């Protein structure tokens, strides 16, 4: 009855995501974290790398399971695994409209699937995968924003790629 | 483990409140609906009348219990009855800021108490106790906005009081 | 077919209101400006004074008529005079939620009555009756914010009442 | 005097657009629906396909005319056909800022052109062309979100193209 | 040239206010904290008590001066003491509209007076004088939200007054 | 002590930017305007062109210096030149969330660096580099939105490039 799903592209997982995951895992009997392909954005990490990073970050959470989301609608995947509820994090007013539209749409597509929202803690308010990538790309420190193994992988990614990637920019 | 609390002044309970109550009751094992005294607003109905109206509206929900909230903080009452989570409804962006502040404050006061939000269904988006009272006061129809017994009690209240209440207004 | 209604308490009418009135009067064949009793706020000017100030400000607008709104719902009054549309001004995001709720509610109460919104011009963005009264009460200049005859009446009101009203405040 | 214009890329037209079109057509004497080229987004349907879909959806609306918008500014096209007013739909707070900026800019470019806003009905709140395309792309049901002939064309488009389009995505 | 003013009713001063005061005092040569009478709200503490609490909290800030704001407009008081800039804290979107209106109005009244905004730190996001009073009134702990001497005075205030104040409430 | 930095991509600089620059230059002893490379957007003008346009627009402001921002974080560049404060303009609620996140992140990365916000004047509310480019691209008039030399350069840019750029669009 109390299986929840939390989905995202987690490119990469941040301490803000981990805050929601821990809190949802404490409230519901089981939590499936679904790592999604976002067909509109080119990810920094492959879906396998992203899922692996989430799995490592959740190693101590016994009732959390990591799944790669198949192609298709989130509500359909959630229903197919027997989830009763989709968990979302709310950070800011600009999230609000989109989330309200998504929740309304999902309810329309699948009336028995509930959506609940956790407010992101103020200490993670400014965190997003894209802002973390931006800082890492520019050489800023990101410890405290992501789990240690993610910090390491971001460092490797930008260390390896930086020269190639930045070459085209005028100096 | 999965006891939730939903609190409000319910002056009176609307179909928007009932939407949240039904959805929360479907998600959690037990739900306590706490009817609160709001020391800053003069209610239309006494706390006993309000609690009775909620109780009647929830008669078919077996895992919902109605309680009058004692004086004190909501988080403390929720903790004292063993609730794991406080349920809130989100209707509009103007709710958002207040709710985020409240959730942050509650987390600060009682870190182990979780708060989750349900988005109000679009069909109840425009509903609030105060807008319902305003319409009823002005003689407009409110069936569809509140349960039938609440509609009846609002009619009686404004039927009985209207003459006295409006006498002072310049015409 | 193209009779519009614009309602408010106009306590007092500002240049921001006049901007909406002029633009609505240019768009629709006739415009009724309905001066309302707001039972929840104690007005500075009586409804007769307020209606008179609006009338004077609209003297050059041939297709605008000023009416005192009777007790009851705005949509009902609008329907009773044959209006096809209710005109509202939108100034700020904080207006937005309330206006969306009101428009939804009105559509629910009276499906054939349309509501349209005009965005307040940026030059009137900061104007509201209450901010104008606040400035006038504290002796600030308000020419440019209200029509000249309203400025004069505000001056008289606060000139006459200031000593009595402020006596109780600690200095 | 009462010619209105409603513009968009309509890629494809949704029931939310149709709600605004019907309501604007009921309020104004004539309504021109202008189908625009959006130079920044690659559309799913060509401008001819989009205009045709809108035309079919508006077949029963006698005072509505469909036009392809020429290259240039919306206010200039509206002025060139003699429109007195531009109609816009408002769905959410995140629309609000953009719409206020656009309306201000248009007023600046063409002071005599009015812009009025209709609030989208709550039942269409979650609808947008892009969310409909996303659901259709992932194989979800969209009846109830778009007119039947649009649903059919979306099905054909994604049926025909799905294999080619998705081939590149890692599985 | 670099004299700033920060005004409020400070009923009572919170750690959120102190965050803004410290940051503004670090940025500008001198900072005047103006303690205002709010004619629309009945304060919990007299203006003398409020000014005294702010003064004690700012004892270690050498370039900060506490002043009671005389009756009149804030911009006029700021100009009269030679301030070049008014400092405001921004906490939430719901502050934003009001603050934008206020800043626009002040610029209109006094074009040479600048207004700058500091974003409240996320750790103080949920803090406001009224939420602190509400918690203290209900017996909750407020250490960490206000300076120690303010906590003590709030305790005394509600200890002394609670019995009288709450007597009228139904139990 | 009172060196401020204002950064942006200025593609191109608008009168809205100039409003912030003039006001910040009046408040702080020195102002560095940092022209940034935005690696995610393809600019219309090269960084040299953009810096030159800003420099010309600021010719009469003696305490303003134009700098090209090196690759790296804004806070690091600001700290490296000894700035005490980063200046940002706030135009609309949709800016607010992003700016709050950015300011929080910057404070986290560099606690001693302050960020202050100026509210854009209502007369520039609707201005942005992208809306100006859009109008210029479509042949609309932009005098009054940008400094004269920028207007000229935009005209040249779109005059020269229009034929090539638009050729691919269906007519």
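Labels A, B, C, D, E and F are assigned to the chains in the order they are written; within every chain, residues are numbered from 1.
Methods note: a contact is a pair of C-beta atoms (placed from the backbone, for glycine too) under 8 Å apart; a residue touches a chain by one contact, two chains touch by 3 or more.
What you see is a predicted model; the values in this text were computed from it and never measured.
Visitor: Would you mind checking the shortest number of contact hops between chain D and chain F?
Guide: 1
Visitor: Average the CA atoms of each chain to get its centre, and name the chain whose centre is farthest from that of chain B.
Guide: F
Visitor: Which one of A-E, A-B or D-F makes the same contacts as B-D, at least in over half of the residue pairs?
Guide: That interface is repeated by A-E.
Visitor: Looking only at residue numbers at the chain C/chain E interface, is the share used by both copies over half or under half? Answer same or different.
Guide: Here the answer is different, because the shared fraction of interface numbers falls below one half.
Visitor: Can you work out the whole-Å distance between the CA centroids of chain C and chain F?
Guide: 38
Visitor: Centre to centre, by mean C-alpha position, how many angstrom separate chain A and chain D?
Guide: 32
Visitor: Roughly how far is chain B from chain F, going centre to centre by Cα mean, in whole Å?
Guide: Inter-chain centre distance comes to 48 Å.
Visitor: Would you please write down the residue numbers of chain A that are in contact with two or more other chains?
Guide: 93-94, 96-97, 100, 104, 122, 125-126, in rising order.
Visitor: Mind giving me all the chain pairs that touch?
Guide: After working through each pair, the chains in contact turn out to be A-B, A-D, A-E, A-F, B-C, B-D, B-E, C-D, C-E, C-F, D-F, E-F.
Visitor: Using the touch rule from the top, collect the residues of chain B that touch chain D in their complex.
Guide: Within the complex, chain B contacts chain D at residues 93, 122-123, 125-126.
Visitor: Under the stated contact criterion, what part of chain C meets chain E in this complex?
Guide: Within the complex, chain C touches chain E at residues 92-94, 125-128, 131, 135, 137-141, 144, 166, 169-171.
Visitor: Would you pull the chain E residues touching chain F in the complex into a rising list?
Guide: By the definition above, chain E touches chain F via 2, 23, 26-27, 84-85, 90, 93, 96-97, 99-100, 103-104, 107, 114-119, 121-122.
Visitor: Any idea which chain A residues touch chain D in the complex?
Guide: Result: residues 37, 39, 46-47, 71-73, 76, 93-94, 96-98, 100-102, 104-105, 108-109 of chain A touch chain D.
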